[in-house]
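A, B and C label the chains in the order they appear, each numbered from 1.
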Amino acid sequence: MSTGLALPLGAFFQAQPNHKLNALYIAGCLFAGGLFIALLTQTPKRFRKPLIVSATFIAGLYFSLEFLLPPKATAETVLASHSPWNRTMSALFGWFLRPLASNSRLAPDENWLSLYLENVNTVWQVIGAFTFALGLWNLIHLHFRNVVHVTKGAFASSFFFLGLAFMIFAGYLKQFSGIPDLFAFATSGLFFQLDAAMFSLIAFFIISAAYRAFRIRSFEASIMMAAALLVMLSQIPVGAWLTSWLPDHGLLSNLRIERVGQWVLRQPNAAAQRGINFGLAVGMLATGLRIWLSLERGSYFERDV
Amino acid sequence: MSDLLHLLTGERAIIWAGAICTLAIYTFLYRENVVYRVFEHFYLGLAVGYGLFLIVSEVLIPKWWVPMWDQGQWWWAFALVGGGMFYFIYSQKHNWISRLAFGIVMGLAVGFMFQDFAGNNFPKIVASLKPLWPHHSYAVAAGTAASIAPHTPQASLSVSGALNNAVFVFVLLTVLSYFFFSYDYNKHKAAGGSARIGRWMLMFAFGAMFGSTVMARMSLLIGRVWFLLADWLRVVH
Amino acid sequence: MKYLLAIQTIDRRIMYLLLVVVVAIPMFVRFQMPTVVNPEVQGVYDTVEHIPHGQIAILTGDWGAGTIAESQPQTAALMTHLFRRNIPFAILPFAPQTSTLMENLAEKIAQKEGKKYGDDWVNWGWRVVPLPSFFKGLGKNLPATVKQDYKGVPIEKLKAMRGIKTIRDVGFIAHITPVGGISDLIAFAHEAYGVPLGYAPTAVMVAQGYDPLDANQIVGMLPGMVGAAQYEKLLGIPGNGLRWSNSLSFAELLMIGLVVLANAGYFLSRAAKGASS
């Protein structure tokens, strides 16, 4: 993935081939950044909230507009069309559509904002990557306290640091010394194995949980259990074997367990999943809009700045 | 030195380490014990270290350090300033600066979500408008409203197909009615009834989800048992 | 009453032991149970069967060691089918583990099928890529977007990628995943460019997969390990999917048996209580 910001902001953002000058420019950027943060610390209280609101809105506007503004292909179609609607659109928005349609740098499904997608994504990723120490700090703090105060979990907590140090050392060897063996061992021999073992524990817990808690106490529980049993049996070979005495074709074949299971999955299940998805999507859209427009309420969003 | 390292980290060593790790984790099935706790914390440390390694090796070095330092794109230094703003979360006095950074990231995420929402859900809305009456196949002129639907309305629809479509639409509508929280179901009996049926229909979905979850979890165990028997003990092939 | 209580309170460790035993037994004893191919598996098979020569397929994934028992047979079945049809494919891993696991698997199957890296498949390498820009890039200029494979070789130099200019030269994308995540591919690959999508989730995500399947946003699905087993049956190559699905059958029968037992105990003890009172 490319990284250059040269495309959008032209002459100002030119790569500096001279290494010393580049270092100087970097120092200058850091100095300017420091000044910017110093300025932020001096921002009067009444401007802080509007600043956060504007930054959130502008950030959200980019992807929204990139999606909502018409692409080049649409502009070309509207300008070429003779239908009354398109002629009206051309008359009203020709100032926007004509340069869009004639821009040779754009693919048919792109508009001007699409050109910046890669840069915006890379900046988003890099800035996000700098937050790695936020979570790390909390974990280190917790386990360090356990070890230093010799609490009950001190012995186990010391193994957290052992695992962390081992993986960092192995990663360092791979990245900077070109020795990949220890990293392969740390990942394939330890981390991936522990990962798989830890998740496979759920198989044991699910069987004992179902045995203890899955009781038919209500109509809803009965439907749920029936669907669960049908889906389980219909997917595995032994389920097909159970009703294999029924004919392959004809009306009775619809009673074969794999067909009943398929019907449950493809009709009521698919429709209910879509209902859930629509519910989720509308909820996410509403929450998204509230965050974007800084209307969201709650302890984090209403905290005094 | 490098030969010794190679031997200590070779294929058999990896399998033995994996077996020891697996058995150590499985001791928890008998009861809570110190061996499990130690390996659990070791796993946590490895996981954090792995995440850290990936962030540095796959994002910060190739996408930030190399362009900035090796390719002369000095402006990437500003990203350090942007990233540093998050750490004001630890400052009592200037905590709000971290909120500025979080606000920008949340704004971008929300904008991205809008794109994802439209790409995923608009075609599903169209696909939910299913024909409910059996019919023979017929031609649809290009550009007409009927040709927009992705499920080719010109194909014929059998009686059983129409019944299935009716079941689908019925379940979808009742489930959606269950999510209308703004109705007082005591006053609106029809809405209440529909929501109750919607709840039953949701149980189909939850039952199916439970059934498939069981299958997935069992598969994880099968993978581990196969590893122990085939790769470690070599008693099955 | 004592027995009714006993069948509701079996010690969990006994259940755990039983589970390990029923999972292990089919691994020692080779046998084949009837496997019925579901339409969604057939849908993926038919799509792969009809990819025109001159196009490539992309196998994306984010699976790791944790779900190897499901994701690996799914990937193996798809790779075998593509190799046999002489359709070159690109591995596009969305997680670092996946790159290694898929590459090792491709190497192993390629040896059997007589295929060669670079000619019959390529690995684009793990990418921390935001999907909208990546797929828009593929739509505009695929080689310029992908740039190089996981070894750092420019992809124009690889025979498998010759003549592949944009995403319109991609005949099929399959997503092999333990966590879902198909929605992004639907939005930015299928809906944007009309590329046929196949979905190979772990069983835990299967129920949700029927929604995009109904909306024709995916051409089909390999539901977990049993999906892989059905695909192996279609290909006529019994592999780990078919073998492990026997263990799965036994484990699920144990689970169903235990639930039925507990419910029988519950109802019988309720009936006994009712009679005594």
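As a working rule, contacts are C-beta pairs under 8 Å (C-beta built on N, C-alpha and C of every residue); 3 or more make two chains touch, one makes a residue touch a chain.
What you are looking at is a predicted structure, and each value in this text was computed from that prediction instead of being measured.
Student: Please categorise the chain-chain contact pattern as a line, ring, star, complete graph or other.
Tutor: complete
Student: Measuring from the mean of all protein Cα atoms shown, which chain centre lies nearest?
Tutor: Per-chain C-alpha centroids compared to the overall one single out B.
Student: Take the average of all CA coordinates in chain A, do the same for chain C, and state the distance between these two points in whole angstrom.
Tutor: Comparing mean C-alpha positions, chain C is 21 Å from chain A.
Student: Could you put a whole-Å number on the gap between the CA centroids of chain A and chain B?
Tutor: Going by mean C-alpha positions, chain A sits 9 Å from chain B.
Student: What whole-Å value do you get for the distance between chain B and chain C if each is reduced to the mean of its CA atoms?
Tutor: 14
Student: Give me the residue numbers in chain A that touch at least two other chains, ranges are fine.
Tutor: Residue numbers touching two or more other chains: 1, 63, 120, 124-125, 187-188, 192-193, 195-196, 198-200, 203-204, 206, 210, 225, 229, 231-232, 235-236, 265-266, 269-271, 273-274, 277.
Student: If you look at chain B, which of its residues touch at least two other chains?
Tutor: 29, 59, 63, 112, 115, 118, 120, 124, 128, 168, 205, 208, 211-215, 217-218, 220-221, 223
Student: For chain C, what residues touch not just one other chain but two or more?
Tutor: If we look for residues of chain C contacting two or more partner chains, we find 16, 19, 66-68, 128, 130, 132, 192, 203, 206-208, 211, 214-215, 223-224, 226, 248, 251-252, 255.
Student: Along chain C, where are the residues that touch chain A in the complex?
Tutor: Residue list for chain C touching chain A: 10, 12, 15-16, 19, 33-36, 38-39, 64-68, 97, 100, 127-130, 132-134, 136-137, 139-140, 192, 203, 206-208, 210-211, 213-215, 223-224, 226, 229, 245-246, 248-256, 258-259, 261-263, 266-267.
Student: Residue numbers of chain B touching chain A in their complex, please.
Tutor: For this pair, the touching residues of chain B are 2, 5-6, 8-9, 13-15, 17-18, 21-22, 25-26, 28-29, 34, 37-53, 55-57, 59-61, 63-64, 67-69, 71-87, 89, 93-97, 99-101, 103-108, 110-115, 117-118, 120-121, 124, 128, 164, 167-172, 175-176, 178-179, 198-208, 210-215, 217-218, 220-221, 223-224, 227.
Student: In their shared complex, at which residues does chain A touch chain C?
Tutor: Those in contact with chain C are residues 1, 63, 107, 109-110, 114, 117-118, 120-121, 124-125, 187-188, 192-193, 195-196, 198-200, 203-204, 206-208, 210-212, 214-216, 225, 229, 231-233, 235-241, 244, 258, 262, 265-266, 269-271, 273-274, 277.
Student: List the residues on chain C that touch chain B in their complex, please.
Tutor: Of all residues in chain C, those touching chain B are 13, 16, 19-20, 23-24, 27-28, 66-70, 96, 126, 128, 130, 132, 183-184, 186-188, 191-192, 202-208, 211-212, 214-217, 223-226, 240, 244, 247-248, 251-252, 255.
Student: Quick check on the complex: what are the chain B residues that touch chain C?
Tutor: 29-30, 54, 58-59, 63, 112, 115-116, 118-120, 123-124, 127-128, 150-151, 168, 205, 208-209, 211-223, 225-226, 229-230, 235-236
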